[in-house]
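Two complexes follow with chain A in common, the first pairing it with chain B and the second with chain C.
Right, the complex of A and B next:
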């Protein structure tokens, strides 16, 4: 007979070797034989047994229903027939090659970026005199199982060879980029990042076109590369060196400006970017734009100037107090009226403005948390060696604060990515909005509603889940909150 | 180390005046004035643009439209007269927003607490099921969940049309306990009779009496050490007085059973819920529950392990350990982030717009579509959410300060 008064203690004392238990728990996890494992983890007392049976039955029921929904009763034709529509919406079909090129360029950039990070880590390990260890390849693949599953679903739904070829090509490019970059020797990693930046901008501009201010964006990573290349410390004349670097950067910008003016090829306008592409792009642009704004707001909120503090706090609290959708409605109806533009801004631009203004308040709070986590002694140390206040912030506070906020920023990006589904409400065809078009087609009217929603939910889920896992891993790796 | 000489600091004459552009105090003031002037100038410029542009588009900039008729019907709300002024529409929207918000909060709290505790269960299966729940709901946009409930489960889902609705009777009588259809659900409700005014007076008395009893029990417990049982006492007092008030008014409330109308287009009587409301409240409840579960889990883990060991040492059962030792401490840690989640939930009810739930955002958007000026309408919309959020934050901060003081 079990005594319900001592559920925990009894099972522990009742074990064969009571003394060995703490040792077993603190050491590496012991592999128990199945029978013992079942008794310890599922049936260790009467109510746990009951719970196991009830929850087990429930889970089994859900699993059976889900299986039959996915493989037997589910009518996936609407999704299968409109796979491209879900990815890029009504993006002009004869310009589709641009998207393909974009995917290829960006996967190559991703591979290079990961490789560059590995090369950097190897170099730092070498400098610190420790061995650089990586997880086994299988473990690394396991971390991305949700993304792999998403890819498989896409390939399964595709009825042409195109997506498979694209997948293979981009995987090959990513792998090639990774393999090449991870072998780069330490001091050149900085240049590698510039290449990643150039590819990133190129991937963007292959769709948006090479005109207007595009040369400026492309100029930034190239200028960084030129600056680094010209900056080899092989001269004693620092001033002359600086002058050469400056001239190099200016020449780069001038050449790029010339090239962009000469090419002047208009791509596909932002307003035509739709489907999943729009969700990812809008989230990326909005988070990138809101970061500087949020940083300024956070610094202002912690400033010693009461006027700045009050203004920043007011802005942050107002924005955090209203739902994003009210700002998006503002974007839809009258945000353009705040500016004196001759031609009305595109809906995409207005939506991005609203999302940026919204996210900046949240980014500010995240950065403020990071700033607060920097011990006061750091600032005092900076002051004591005679640095001016802005130098203390730039050289001592921000590097530590920003490192600590990376996981939270990833979390904010996930939340923003999920919020891009709200673009549906102001009439942008993002992933969720494409669904309505699909069910407006005469062939797919009134059925497959649950299926298309499950598909959309799964795409959002796979991307958000992978990113949130990565952010948790990053958090552990950076040791945030442990010091 | 080379020998370093420390120079004595230069003598500073406190009376010596610093040139003004090197004086930190002056610079601070000047800096702030410049910053404020820039921001104010920017805002003034933006608003000037707005007013000019609105003028050019012939859009009014006053709030006179609030008194004009709304001119549209609110779906599933037969009581709303399209001729009533816009401000009444705002009130209806506000009521619906908070209705969905409160129901959502109740669902989120209950499910979140259960899932949060389950995630730390020693039962492997229970813990895994809870993790599955959290990881699924947390990573899907709430809008997708709302639309799933609204369209995949209701409009196009397994529920029948209203004309042939499923009716579940109360123990073999003809009274419907539940009417299920793909657009509206009906459950029994209460209808106010003529003398409800008398009841509300006794209701107020009942609340005051309950508070009084709770205070008395607390003081008694402080004096004598008897267990106060103040919740039971207060609730009992309240119920007794409220029920007496009900009969004193000659039956202030009467039970109303839902019935499908003869033409099969609506439900008469009872308490009626439309699919937009159910989808919004349920979806947001389940979505927010996944966030609350994580908060609860973190808070339980934040309670020092010694507390739980101490509970074991005095031979408390698992339930007692949670009820009297761990949860009271964990919930205190969990409170501020949980209230934040509640605020998010109430703000997220604006997503009910996707399943045409008549909350304030949908009504505002419809009203703008009917020619009401957008800037003022959206300003009112934002103002409503803002006031609510700020009030809750203030209360939370006050309460937080109080319980923190109790703690240490």
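Right, the complex of A and C next:
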């Protein structure tokens, strides 16, 4: 009762017992010695002490059991022996080099992308006249501790030197890309993003092949670069410059079309993509497609054209009332009735379509929330400087709306990533599906079942957790300069 | 009451449609009505504003002052009557609306700067997107305007980093960047801390002296007295009395004007 931490005023006011209001918390929080911290926070009265002991015992029990499960009793042989199967399923083994190339290209792209973001931030900071502060390298590594842990688990399970070499090589590429990109000067950051885009498409096509509409996807990032390169900020004749830029873009696409038609090399069928690779790719593609679709739906739902509004609303409300599994099953069994194609679409394509259509409805509702949060005055200000309605939406409303909904959007995408495990139901061999195969092997029948489940859950968790943390960081960063 | 108002109507009409300035008519409102549901926000508004004229609109809140100037650049749609700005009549034709909006700058009570863009980008957005000005030229123009409103050093900051008075001056610069023929001010100092009101009013005063045609809705009587060519008093959606500042503040004729002035002065 006479604890010096609690001033006399408490008892003077007639409080029977000092309530734990932190009094001396103004100023920087002082660090207490562990003994004192314990006494103050965990054992400051009899019922807190009791609670601490009970919960402490429980935690200790769980920790001991978890430790013994992971390191002593756990039988990880099914996972260890089938690591490749978990990663790529029954992907043709003589085409494995494609996956290796993909990992290398994408890690390089990732490094360049992060570097480009940093270079952009540096440039903006320079222009705004503020100092750009980088997080210490250790902090940056800490942010990805879940992924690092996942990588360590893989390396621990691997029994050949291959995975270690791949890890080292891709880390080196990522780091090299980052180091190079972060030194790029401000005005060239846009071009850097185009390079990232090209590598992204290249990584995909190194597996899927260079044929068909591939030129269109590869053309997008290149066309953006060409458009920017042909632009001169100080030109007098804006119209003429626009024409030149347009011609440049068309030439780009024409050349790529020619190249792809000449090469015409088919890679590995989409339906042969399996394992974790399938989960990641399906999620990435569905995210990339459902975002623009959801955006359009949200805009249509707020449109002043009744027909658009009714269509968008109907679509959104129907899709949101249907379970994803039922959509996936529909995609498996009767999407072919609606689409008259000569060759049936791959199951992979149909599954992506179902997941995209499903997620787009949710994205639309999230975006609509963001649109509603933008004050009406913003639109009025845009109108009053003479911007046409679509430019007000594109340049003023959407940037603010999307910024406001990043956390909800990433949450939706995390849920989409986890939902790729439902591909199991339509007979796709994704991460969870591989597990079934593993336990169908004579060597691993009936044991290590919990272990392989824990492994699969851990993989999903490590990736989802990292996405979630990154979204929080992005949200904090974009908050800078807001009013 | 109704008779009384109508009786004054003729007088007001002749008064509110006489213009000062150069004598050329820039803005003309004829028998404008505006409803919000059943509520009549504007009733038979007749007014002309001459080129280079500064008209200050005052009146109690809810009197329709803001609604009137918001109708002039079609942020609100009027329900009856005609509004003509520099020879272009506001109709449902989107081209006419865009035309009028390009010629009219608007400054809002809440500034309404774009928080995701720097001060520079806030100002260059209109010139680059609407007038297709090259980036370099637009930025030179923006720097000139920022110098004019005395905050060139803030160009690369975001609106959230500026004080209210600075934000409102950026908003004025943003409107001026479109090289408008008319500037509309909708209570530009009402959201400002007292010590920042002066810097904004000074900017507006300089603008008036440069010959800009302006309609200013405000509660700043000192500004009205000093800068206005004419003062328009509105109440209950009607124009009640119009006159020079001298007439208006020293010998108002209408009872509602007298009551209003006795309450605020």
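Miscellaneous remarks
One rule holds in what follows: the second predicted complex is superposed on the first by the 443 of 483 C-alpha atoms of A that agree within 3 Å, B and C clash if a C-alpha of one lies under 4 Å from a C-alpha of the other, contacts with A are read in each partner's own complex, and residues count from 1 in each chain.
In the analysis below, a residue touches a chain if its C-beta (ideal position, glycine included) is under 8 Å from a C-beta of that chain, and two chains touch if they have at least 3 such contacts.
Just so you know, these numbers come straight off a predicted model, no measurement behind them.
In the superposition on chain A, contact of A:266 is made with neither chain B nor chain C.
With both structures placed on the common chain, the touch criterion links A:396 to chain C but leaves chain B unconnected. Of the two partner chains placed by superposition, only chain C is touched by A:385; chain B is not. Look at A:450: by the touch rule set out above, it reaches chain B but stays clear of chain C. In the superposed three-chain model, the partner touching more residues of chain A is B, compared with the other of chain B and chain C. Of the two partner chains placed by the overlay, only chain C lies in contact with A:128; chain B stays clear of it. Contacts of A:432 after superposition on the shared chain: chain B is touched, whereas chain C is not.
No residue of chain A lies in contact with both chain B in one complex and chain C in the other. Those residues of chain A whose C-beta lies close enough to touch chain C in the complex are 127-129, 233-236, 238-239, 375, 377-378, 380-388, 391, 395-396, 399-400, 403, 481-483. Against chain B, in their complex, chain A makes its touches with residues 4-9, 41-42, 44, 48, 51-52, 55-56, 58-59, 304-308, 311, 317-318, 320-323, 325-326, 329-330, 333-334, 336-340, 414, 418-419, 421-422, 424-425, 432, 446-447, 449-450, 453-454, 456-457, 460-461, 464-465, 468.
Residues of chain C that touch chain A in their complex: 73-75, 98, 101-102, 104-106, 108, 110, 112-116, 118, 125-126, 129-130, 132-137, 156-161, 171, 174-175, 177-178. Interface residues of chain B, counted against chain A in their complex, comprise 28, 31-33, 35-36, 39, 46-47, 49-50, 52-54, 57, 121-126, 129, 135-136, 138-145, 147-148, 151-153, 155-157, 312, 315, 317-318, 347-348, 350-351, 353-354, 361, 364-365, 368, 374-375, 378, 381-382, 385-386, 388-390, 393.
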